[in-house]
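See structure below.
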Amino acid sequence: MQQTRTVELGTGLFVFLGVGALFFLTTQTSNVQGFTGDSYTVTARFENVGSLAARAPVTMAGVTIGRVAAIDFDPDLLDAVVTLRLNSRYDRIPEDSDASILTAGLLGGQYVGLTPGGSEEYLADQSVIEFTQSAVVLEQLISKYLFQGGSE
Amino acid sequence: MTQWFFELVYTLRGFLQTFGAMNLFFLRIVSYSPRAIIRRFPLVIRQVYNSGTLSLVLIMVCGFFVGMVLGLQGYDNLSKFNSEDSVGTVAALSLLQELGPVLAALLWSGRAGTALASEIGLMRATDQLSAMEMMAVDPLRRVVVPRFLGGVVSMPLLAAIFSGIGIFGAYVSGVIILGVDGGVFFSQMQANVEPVHIWQGIIKSCVFGVAASLMAVFEGYNSIPTAEGVGRATTRTVVLTAIAVLALDYMITAAVLALTD
Amino acid sequence: MSERSEYVVEIQGLCFSRGQRRIFQDLDIKMRRGDVTAIMGPSGTGKTTLLRFITGQLVPDRGSVWVNGYQVDRTPRKGLYEMRREIGMLFQNGALLSDYNVFENVAFPLREHTNLPERLIHHVVLTKLHAVGLRGAWQMSPTELSGGMARRVALARAIVMDPEILIYDEPFAGLDPISMGVVVRLIRQMNDVLGISSIVVSHDVGEISAVADSSYLISEGKVAASGTPDELSKDGSALVRQFMHGMADGPVPFHYPAPDYGSQLLGRDDE
């Protein structure tokens, strides 16, 4: 009888700890819950997205307000179409806001930063962000610098 | 020359035969499992205790030290690039994707897998399995299936505990001892760990659980019924589990990378 | 199922070989219902293998095995399990389940096959343990038992489902004289009191003579002699005499086949 209770107690403890650890790992180590809540999507066209990847954060004033949902290439206009999924809580972002692809730190991943415009109209589902600034590609930057230096 | 060739063929044939037997054994166990869960639930619980609870302390202690080492090594290497803030990311990613599932499976096989193999082997050697058969009780259902299920249930939980404690260990060495900012430790980790990493780890530990449990019960059940045979079965359990786990690890990693890219 | 034939076990023309080795050839054995039948033979003649045919763990190459109305070699797995419920078997060392104590070992078949209430199980188990004289040991673990006690517990377990046939595999091996006497008495008692048929595999001639109604001596895959133990000990053939009287040399040679002694000693073993 005593032994059965030890087994039950031990098993309970073990399963409790295990499920707790699973819960901790799935909720606390990662910060991607934005896709489950209400959201709306907007698109932005870039000449060059650099190494931007799907699921990269979209920030405004440094706060993550959404994620990159998809990146596609438009064969007609020959540019990249980036679909952004923004949290529905942030529904008053001026329509003429500016999207740029930025790099976190020197070696960090790339993300989309939104800079607010002054319009009274707000971005809504399926809106298109008109003003964009492409990723800065290191090689282009260097060659530009070298080219200018050489012509002087 | 020809003898050498025949020996090779012979060995290969033996290997294939064992592999086939193992697969058939696996299918039989799986086909008995649903009823075992319903009819013999207390036995399965008992084996979760044997496989899981009894491995708990080992898993926790090892997980903690592995995490401490990751924190230390990560800090040492990352500080060369001025990115010691990423130590949480490095530790969490290594633990979740690789070290948690793999080390938990290897430790489990050393602690619980050998115990299972020798227990079943001893039951074979002392005619307990035949006695059950004679009492019209199928030892596969009564002895093997509950033990197999106990291992299968335990493994993902053990791997999760290993990873969780490991992250704590990395926190202790990285933040408390070496002075990385605690907030940065977690925010960096949360920014870079994605659900696919976590799912990868969970899938791995489930697959490893099946493989390691299968090796243990198969080796035990098919051991030669002598003291030496049982000893050999436990050794083979550890060796085969290590090979199977690491090979499967590579395959799953490759598959996940292929599917997510 | 069991049309009550006179014989509880009938083996006809059993042939079996393992690899190149022929174990049985045209073996015929009949065991009368209600008797204690002994199977004797030198070590390595496949006495235990024979039991595996009776219990359906092995299938013969040729011949048929009838046990209690079942044709064992043709019965599918499920039927075998049904048949085995009518058989109790005592293994050489008892084969008690090491996870459980004495009580739970005896209760094991009941718990597996019946839904009896706990109180009834308690009652039945203690009755059976009392029959083998070990009611007081119900709480002990199998590791605490002596060899003789373990065998008696196994006997209690074998009779807990009230079988029609009891099989003993080497019940006397490795027992001290007192335990031996106890087991001999129990075999006889169980057989007569419970009205069952018993099969005893052994090579302890003395004990067998004390307990068996009829016996078979098996050698080289065949029945070498059969009859009551008395008849066997008076049998004229050299092999039976050697076995029944425990002579070192005879048809079963003392020397394992070897090259010529003299030439091997002189170091000419390269031939």
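We just call them A, B and C in the order they show up, numbering each chain from 1.
Definition applied: contacts are C-beta pairs under 8 Å (C-beta built on N, C-alpha and C of every residue); 3 or more make two chains touch, one makes a residue touch a chain.
Not measured: the values here are computed from a predicted model.
Of all chains, C has its CA centroid at the greatest distance from the CA centroid of chain B. Centrality by Cα centroid goes to chain B.
Separating the centre of chain B from that of chain C, both taken as means of CA atoms, is a distance of 43 Å.
Distance from the chain A centre to the chain B centre is 35 Å, each centre being the mean of its Cα atoms.
In terms of their C-alpha centroids, the spacing between chain A and chain C amounts to 76 Å. Contacts from chain C toward chain B in the complex involve residues 55, 57, 81-82, 84-85, 87, 89, 91-93, 95-98, 108-109, 112-113, 154, 157, 161. By the touch criterion given at the top, residues 7-8, 10-11, 13-15, 17-22, 24-26, 28-32, 55, 57, 105, 107, 109 of chain A touch chain B in their complex. Those residues of chain B that touch chain A in the complex are listed here as 45-46, 48-49, 52-54, 56, 81, 83, 92, 96, 154, 156-158, 160-161, 163-165, 167, 186, 189-195, 197-198, 201-202.
Within the complex formed with chain C, the residues of chain B that make contact are 122-123, 126-128, 130-138, 142.
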